[in-house]
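Some structures are shown below for you to check.
Paired with chain B in one complex and with chain C in the other, chain A is shared by the two complexes that follow.
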Partner chain A sequence: MSGTRRKALLKVIILGDSGVGKTSLMNQYVNRRFSNQYKATIGADFLTKDVMIDDRLVTMQIWDTAGQERFQSLGVAFYRGADCCVLAFDVTNAVSFKSLDSWRDEFLIQASPRDPEHFPFVLLGNKIDMEANRAVSAKRHVTMAQSWCAAKGGMPYYEVSAKEAVNVEAAFQAIARDALARESADTSDFPELENNINLNENNRSSSSGGCNC
Partner chain B sequence: MWQHVSAESTLFRRPQLRKERNASEIERDDKGEKGHDSGISSRTGSHSTSDWCASPSLPRQTRHGSVADVEETTPSTSQIRKAKLIDTLKMEVKILMEYAAGNASVDLNSGYVTSLCIAVQNCVMDGIRKRFLGLIGMKTSLALLHTVVKGFPSAQLVIDKTKEHETKDSCTSSSQVRWIREALHTRQLSTILNYMATSKEMHRLYDDDALLLDRAKSGMPAALLLGPCAISFKRMASDSSSEVLSRVEWTDRMRDHPTNGSTSSSRPPLSVKRQGSSLVSMERQSTSRDYVFSLHANYRSTLLYGKNNVGLEDSSGGDSTKGYLSLHKNFSADLTIRWTPNQLMTSSSQPNSATSKDEGKFQWKQAITIEMNQVIYIHLHQKQEESSSIITFVTCEGGQSPPLHFPSGQHSLVFLTALESGLTPLYRLDPPLSQDQCKEKALPRLRRRTSATNSSSDYVFRIVRLTSSAPPPPPTEDTQSDDFAPSVPPSPSNGFFSLPSSPAMLSSVDDLVNTHVGQACRSMQQQIMARAFFGWLSYVRHLRTVREHLMGLIHNKKITPEEDLPPVDEAFWSECTSKRTPELWDECIRRVYWAGIGSGKEEEDKALRRQIWPYLLGVFEWTENPEPKTTLFTEKYRDDVEEWRVLEAEVRRRDEEAFNAARARKGATPIREMSITSDVFDEDNEEKKDPKDQEWEDLIDKFGANLHRIEKDVERCDRALRFFSNAQNLESLRRVVCTYVRRNVDGDGYVQGMCDIAAPLLVIFQDEALTLECYTVLMDRMKENFPHHAGMDRCLSNLRSLVQVVDPQIFSLLSTSADFTQLYFSYRWFLLDFKRELPYDGVFRVWETIWACGHLQSKSFPLFFSLAMLTNYRDTIISNNMDFADLIKFFNDMTARHDVTRLLISARLHLSSLTSVLQTLD
Partner chain C sequence: MTTDNNLLGSGDQEAQLEEALKVVRREAFEMKRWLDRERLIDALKHAQTMLGELKTNTLSPKFYYRLYIDSTNELQHLESFLTDLAQRGNCPLELYENVQYAQSIVPRLYLMITIGVVHMKAGMVNKTEILHDLVEMCRGVQHPLRGLFLRNYLVSTTRNLLPDDAQIKKMEDGSVTDAIHFFLTNFGEMNKLWGPSKEKEKRERERMELRILVGTNMVRLSQLENLKVDTYLTRVLPGVLEQVVSCHDPISQEYLMECVIQVFPDEFHLASLREFLSACKELHEEVNMKNVLSCVMERVQTLAAAHKETQLFSLFAETAHSLISTRNMPTEDIISLHISLSTLAFKCYLEQVEYASTVYDSLLRILNEKGIAEQSSISPIGRELIKVLDNATQAYGHVGKIVQLKSFEPLMNLLDVRARCRVSASILECMIERELFIQNEEELNGLEVIMAPLIDDDSVKLTKDDIEGEDFQDEQNTLGKAIHLVRFDGDDPDGQFLLLSLVRKLVGRGGIHRIPFTLPSLLFALFKLATLYKEKKCDVENWDMKMRKVMILAMNCIKKLHEIGGKSDIPLRLYIEAALVTDTIPFEDSPSIVYEFLSKSLSIVEEELSDSRSRLSSLFTLTCAIEKTRSLSHDDVLKLANHIALISSNLFKKADQVRALCSCASLFWSTRYRDEDGEEKEMRDGEKVHSVLTRALKMGAQCMEPIVQVELLIDILTVMYSFYSDGCNQITEDSIVEVVGRVRDSKAQLEKSVESERMDGLLNRSLEVMEGNIVSRMRM
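Up next is the complex of A and B:
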């Protein structure tokens, strides 16, 4: 049970408004490919990817759900057992940033993780390649997002582009590392039991019983 | 369109999972992206669909639990191992018992026993703690026996015996299992194993997954070994073979003549052409010897009874010839009685003895074979209780066998006893042989005409086939008090004591076996009853499910399958348009339902559908021409578009404003932005609203939100399809959906997926106004399945009920959660009527079937199509034991790869069978 050699499964959920690029991000990370022909997501789908984090082989199972808030009621089935939640917004779309609060709350309610205070979230601001269409300047924008993250218990923030593969790999690597770190912190709470103790006691009692005969 | 599917399979080459971290080049597989209009997300998984089919034992990776060990041992491996151990043991027991059945006693050192002992050894050593053996300092399972003795003192005898023979015959192979051999010999093996499986003291020595700790299997070795423990074993040293006191004469004789090939083996020799001077005699000898060998117990049949010096009366009525009478049971439980003249037996067992050709032929003719399944009556004529008796068999054709003369003594009774037990479980003797207080079989009282006198008596036994509901009558205990019961003195001299295969012969050990067999029978009976009950219960439940949930799904219960109807083609359609009779309408929908529209020519079919679909959807009445309405539709559409254009312009203006305003705030003070609650992106709030403008504002807001959603979706709608790679068609689609939302402004507005439903209609009609009319009709039904309506839950619930009735195995997979979440793989099916699951021509075909079925038989055809989707892949689903995530992945991967024709056939079949169930319920 050394832990370091175990192959683990990490369930990651990507949330955010419709059109922020969740499907694109997932495909960029897993398949290193961007296409403008991805369809609007209906229901849910997931992709898996094996990654080495330090000396540990981890299978990331990345779930991509529909972005329209109407479909949020489905979430309860998909969020179950998540290890990490990725919140995504579109840096050219102010509304998608405003929705982040509701996405985060909704996730915490539906997934009801054991320790909501410390549940790992990551924030991704997507489409940074569309500099000209930015609602706000890049510099100012980073400050907004960072202050929001700081308010939510210091979640990491990455500016990415699914289209041009900027920062996507690094962001997801960090996501896996975070979730893993939390996982090992969890397991270290439960030290291994000494399973010899019981046996030895049994032996002793049985031998003394033999003497009494 | 089918070429697409095959092309798909090459496109489907999934990019292999890359494990290197820093391959940052963007990979664009244009072929992959333009190849098909199917969900591209489906091509990007880590394993392709073929994985599902090729390797059912795929390691499970998709548990929705949190970080989980993937390399955990599958729970079944230890189960498989244990089952193998038990199977081997079972086989060895079976071989030994079969061998013992044909032999008076079994050599304790024979290979049969050794293999059994090794199988036992493997069972007791399974899962033993290594440390235990190390502690004791012995490498064999004998160490276990020493532990057994502590709690089970009578095992000491086995230890003593083992020690004794250790010194005596150290030459024997596999001394490791000697104690097992001795335990078998002393008939203690079964009880020792039982102790090992039940005692806490012993459990300490094993790991948790040891066979002897297995909840279900731990008792099996002891139970299996009950039989072998009842065998009488002999220790055959090389010089002790003469001590064998066998009562089965034939067997003895075979042993006494080593010229018959291998004495130790009961198998017939492979080659018999060793001796003989002439070809003829050689042949005859070999056949006769083969025949004689077939009398012996062998791998094909079991010898239940054998007796020599049984007389056979000549057909001429003269004096009887003496011969060997034997009773055989083969593997299909058929009984055969054979009588062979003594001389033939001798000549074949002594090949060198001179028998003349003719004499042999004559005797050969005399030999008789009676198949018991031909016999219906057995006559027994006995002059006196202890005197000789005559048995005759009557076949179902009325033929009679020559009478068999049994020598005096209880021989005929013993024969009948063997016959009776051989007949079970399929047949029995009527009346059965009764059992007296000494548990010896006796002739029944009933048929005995004169019981008090010593005059002769006749018995007639009928052979009756048993049905499972009528078990053989239990042993009659009441004979104990009956004075008239023929008392057969126990005859210990009876040779059949040594035949363990005959259950009629009871010793204390057999008694043990019998009680266990009795228990087993009872528990089996209970299980059968329970199964029948549960079968009935589930049947009733199914009917209830059908009644409560599925009754309303079908509105027309009188429908006959017409799988060979032709599709609607141009000729038929022009007949329809010229006549427009109700009969033609009826035929038209039946044709659409069973065979669809068109004959596979893409453009012609589209043109036909363009004309027929509005009728199927009810946009036009059957009796009316499209003409007047289409003009109306077009005019109204143009007006509506013009109306919302104004709204659109206003929305655009505001978007622009907001964007510029946000840009202008670039230099605002960072202090305000750092405040957590501030809406950092917020545009300036306009506070100058008066109530009249409020309505307008709301409208603009609402329409604006919808417009943005529609645009987001239209932009991503089937871009791989040639039709939608054209920006103008995309704009058409946007206008249709916008108009729909504008007209239904009090409805739900635009919900993701709505655009997917409009797209195929636009592809067919290529006319925005007509598309919108049909779309509106279609959406009346479809919007029920969108979020915040009850339709989806109803669909999922109905699907679950249907699966419950149709395929309980899949049902058990799907019912692991109380809610419908387990069925979410079908969410998109119901939301979009399979639009995302199939290529466009498949969508056309399925949609028109759904619509035609609505007129014909049921408004719920999508349900039956869903059922077909499930049952079509049931084996893959079940063998992979798919869970929530697996099912979603599987069906996402299967996108656009389904065999639509096959699915339609099976969906119609499902509908037909439910219809007939409902018919019988009415």
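Up next is the complex of A and C:
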């Protein structure tokens, strides 16, 4: 293993309104499972999945989050260090589309990435299996989503169905590729440490008053 | 929560966190460096130091969470490395034992969990044993904040590893039962850690922040594929409810009950409602039961609507009422519970009004007992009351259905006038939006009962503020619009007439402030009815008499509006409009009614308009209208025309007189009338035209301003020529030529200016028109 690069770890965050299918999307992608039952998510945590991107093995760490604000009472510290942010909405629910702007803004504020202009976002319009219930006609919807994406610097847009596994794999594959491209572009994760390595400073923490329990 | 008193302010917290994160980054960097060289023991040393930061006492939950996120994120690299090793068979089992020699317990347990997970993933160990071991070992950390996060790490990393098979396949992997046991144990421990401390007030905010960690256990439980309804009923729910009830802490109870509802699927709730609701009754007095119950009702209603289970509704109603009677619940919460109950009733049994009725009846009874009255729309009780009433409006839409709820109106009467107006207006808005018509007397009566504050001046006296307020005007506009919803079922004009007569009486009670909004609407509804009668002439008995009644009612509306309104312009225009409508429908009395409408509008011009500009423009409008009519008799046209000519020549300004006379001259020429034989003819009264225009010329000559005089003369010239070319013998070529001469004379006296050039242009254009006929004699 010496000489080889460490396996890349990509952190992806899924955001969007309550009920748009964030957990289902992740479950479909990672476990290839789907359930029609609605279960709310509390807090945030992740599943991992190993994927090959152009003969490089990558571990995707996909963070599923609570869409309801009251289930996010500890704040959104987990946004930090994300390599890609997936915004999801429900094509049968117009309100969830309108919320996208605030999710994106909130993410950029809280995660404060180095280059917010070019931070990779991907938009997923879920539940296309429920075509008949679409909030607006399918064609208009695609146009609406596409023009929103264009206004956001050409964000990729995928119409997906977590239920019928339509496009989910392809979308996440693209997400991984984007995130990986960004990771390689970052020269160093910890530039401030280069001149500051002191192996004997390990005891500082004991002065902070922690007990041994 | 954290029982230490050394929590820092948020600025200091930020600094403290930065310090800790610096250590984390530095140690993580070292850890990864050693990992790259496959020096595991060295890497673990740095991991241990990194995790030592999580021992801090000084951070509040949100700051600690940031530290936790960054640290565990770094641990992922370790896990990933070890997983690779394990896959190649190089991850020694002793590692799990080795890290137990770490000095302090927090880093030790994080490392044990990480390594345990790697071993479980690789299938190297007995899963159930390791899980049991870990969940027990974590008891070693009894500090609330650190303990909660540690256990959260345990639940997070074991995700997807827990046994989730219905039956045991391999002894050491266990089954879903083991997973359930694992979560329930962990949940119990976390709930203890999260429990209230002595410094209750101070720690409540922290507890609210930390609650999601406890809830995560339930999310995990709900994610188990093989957790089926029966296991949920026998194992999970009883376990959770027992914890909840026995902890006697309102914050825990309210939150955990909500968690149960939110994270488990609806089918589970439906199957276990009885158990859940009976546990509700055992909760602490301070738990906000409205939140808990509303939440569960909201979740199950879709499913309940599909199942149509009658028991379900009564079960909720029963629980709600037992809670209301045994607890000291704020009145607004009681109303709010009824909102949820009514929603459930509407969703499941929209067609059976008795279910919703029981909800509204019981609410009325409770509020009466409490002596609630005169609630404003901004009081907490008033706000909820409006919501519960609006709920019925949204469900039923139509006032005819709403009045079937016998308690609706009495409940409305617990509000003050302003708020009642608002509720009434939302009913009307809803009906307008959904185009729900008022089709019979009964429905109209229903409207009258419920809308009294909106309609009736006798029952409700308005204050000056009310009348001038925007709300009042909006509501009255809505009422005006709603009048167009009155449409008798089945296109029968007689029925519609009956309804509109009733509306007239209703509107009449509105007093001087409401009538200006409502009567014009009614009037146009009557015009529409007149058109309907016209179409149905063959089917209607006594048609002429009925048409007359419609138009007399219309006249009465305008008269009323005129009497109370104080303004003249609107009635004036409405009279003219009414005349034109009547003129198009040939019934027996229509000529005399058209005349009546027109003469009434003329009286307004004569008696009430003092401003010369509006007088002149009204005369123009009236002249145009009369020219459009074709049903008047010769005498009537002559009377009207003469009168308009008289008013015109009495206008205040000379120039206005000329313009008005020029305009009304045509009344004597082209207006159509009906002779005794019913034949349509034109007036063609050249003598009259001549005398009117002669008078105009005389007045024009008296005009002292040269420019204005020239312009007026050109106007007269144009009009004269049009009569001449239409065959009016009394306007001779000679007279036209004479006027042209007068124009030239007057124009010659003008100084050269922009204005005078404009006059040249005007004259030349007129002359061009006349060219070919009488031009030879004019170009002199």
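FYI, the second predicted complex is superposed on the first by the 171 of 213 C-alpha atoms of A that agree within 3 Å, B and C clash if a C-alpha of one lies under 4 Å from a C-alpha of the other, contacts with A are read in each partner's own complex, and residues count from 1 in each chain.
Convention: a residue touches a chain if its C-beta (ideal position, glycine included) is under 8 Å from a C-beta of that chain, and two chains touch if they have at least 3 such contacts.
Computed from a predicted structure; not experimentally measured.
Novice: Quick check on the superposed pair: does A:Gln173 touch chain B, chain C, both, or neither? Answer first, second, both or neither.
Specialist: After superposing on A, A:Gln173 lies in contact with chain B but is clear of chain C.
Novice: Check whether A:His118 is in contact with chain B, with chain C, with both or with neither, and answer first, second, both or neither.
Specialist: It touches nothing on chain B or chain C.
Novice: So, A:Gly75: does it touch chain B (first), chain C (second), both, or neither?
Specialist: It touches chain C, and chain B stays clear.
Novice: Now for A:Met144: first (chain B), second (chain C), both, or neither, which partner does it touch?
Specialist: first
Novice: Between chain B and chain C, whom does A:Arg33 touch in the aligned arrangement: first, second, both, or neither?
Specialist: both
Novice: Check the residue A:Lys49 against both partner chains and state whether it touches chain B (first), chain C (second), both, or neither.
Specialist: After superposing on A, A:Lys49 lies in contact with chain B but is clear of chain C.
Novice: Thinking of the overlay built on chain A, is A:Ala94 touched by chain B (first), by chain C (second), by both, or by neither?
Specialist: In the superposition, A:Ala94 touches chain B alone.
Novice: Which of the two partners, first being chain B and second being chain C, lies in contact with A:Thr41: first, second, both, or neither?
Specialist: In the superposition, A:Thr41 touches chain B and chain C alike.
Novice: Output check: A:Gln61 vs chain B and chain C. Expected answer is one of first, second, both, neither. What do you get?
Specialist: both
Novice: By the touch definition above, which chain A residues appear in both interfaces, chain B in one complex and chain C in the other?
Specialist: Of chain A, residues 6-7, 9, 11, 31, 33, 35, 37-43, 45-48, 59, 61, 66, 71, 73-74, 77-78, 80-81, 199, 202, 206, 210 contact chain B in one complex and chain C in the other.
Novice: So in the complex, which bits of chain B are touching chain A?
Specialist: Where chain B meets chain A, its residues are 15, 17-19, 21-29, 33-34, 39-42, 44-47, 61-71, 150, 201, 204, 658-659, 662-663, 665-666, 670, 673-674, 676, 679-683, 709, 712-713, 716-720, 748, 751-753, 755-756, 786-788, 819, 821, 824-825, 827-828, 831-832, 836, 884-885, 888-889, 892.
Novice: In the complex, go through chain C and note every residue touching chain A.
Specialist: Residue list for chain C touching chain A: 4, 6, 16, 19-20, 23, 25-27, 29-30, 32, 35-38, 49, 52-53, 55-58, 61-62, 65-66, 68-70, 73, 76-77, 80-81, 84, 103-106, 140-143, 146, 156, 159-160, 208-213, 215-216, 218-219, 222-223, 225, 259, 262-267.
Novice: Can you list the chain A residues touching chain C in their complex?
Specialist: The contact residues of chain A facing chain C are 1-2, 6-7, 9, 11, 31, 33, 35, 37-43, 45-48, 59, 61, 66, 71-75, 77-78, 80-81, 190, 193, 196-197, 199, 201-202, 204-206, 208-213.
Novice: Which chain A residues qualify as touching chain B in the complex?
Specialist: Residues 6-11, 18-19, 23, 27, 30-52, 59, 61, 64, 66-68, 70-71, 73-74, 76-78, 80-83, 94-95, 97-98, 135-137, 140, 143-144, 147-148, 151, 164-165, 169, 173, 179-180, 183, 199, 202, 206, 210 of chain A touch chain B in their complex.
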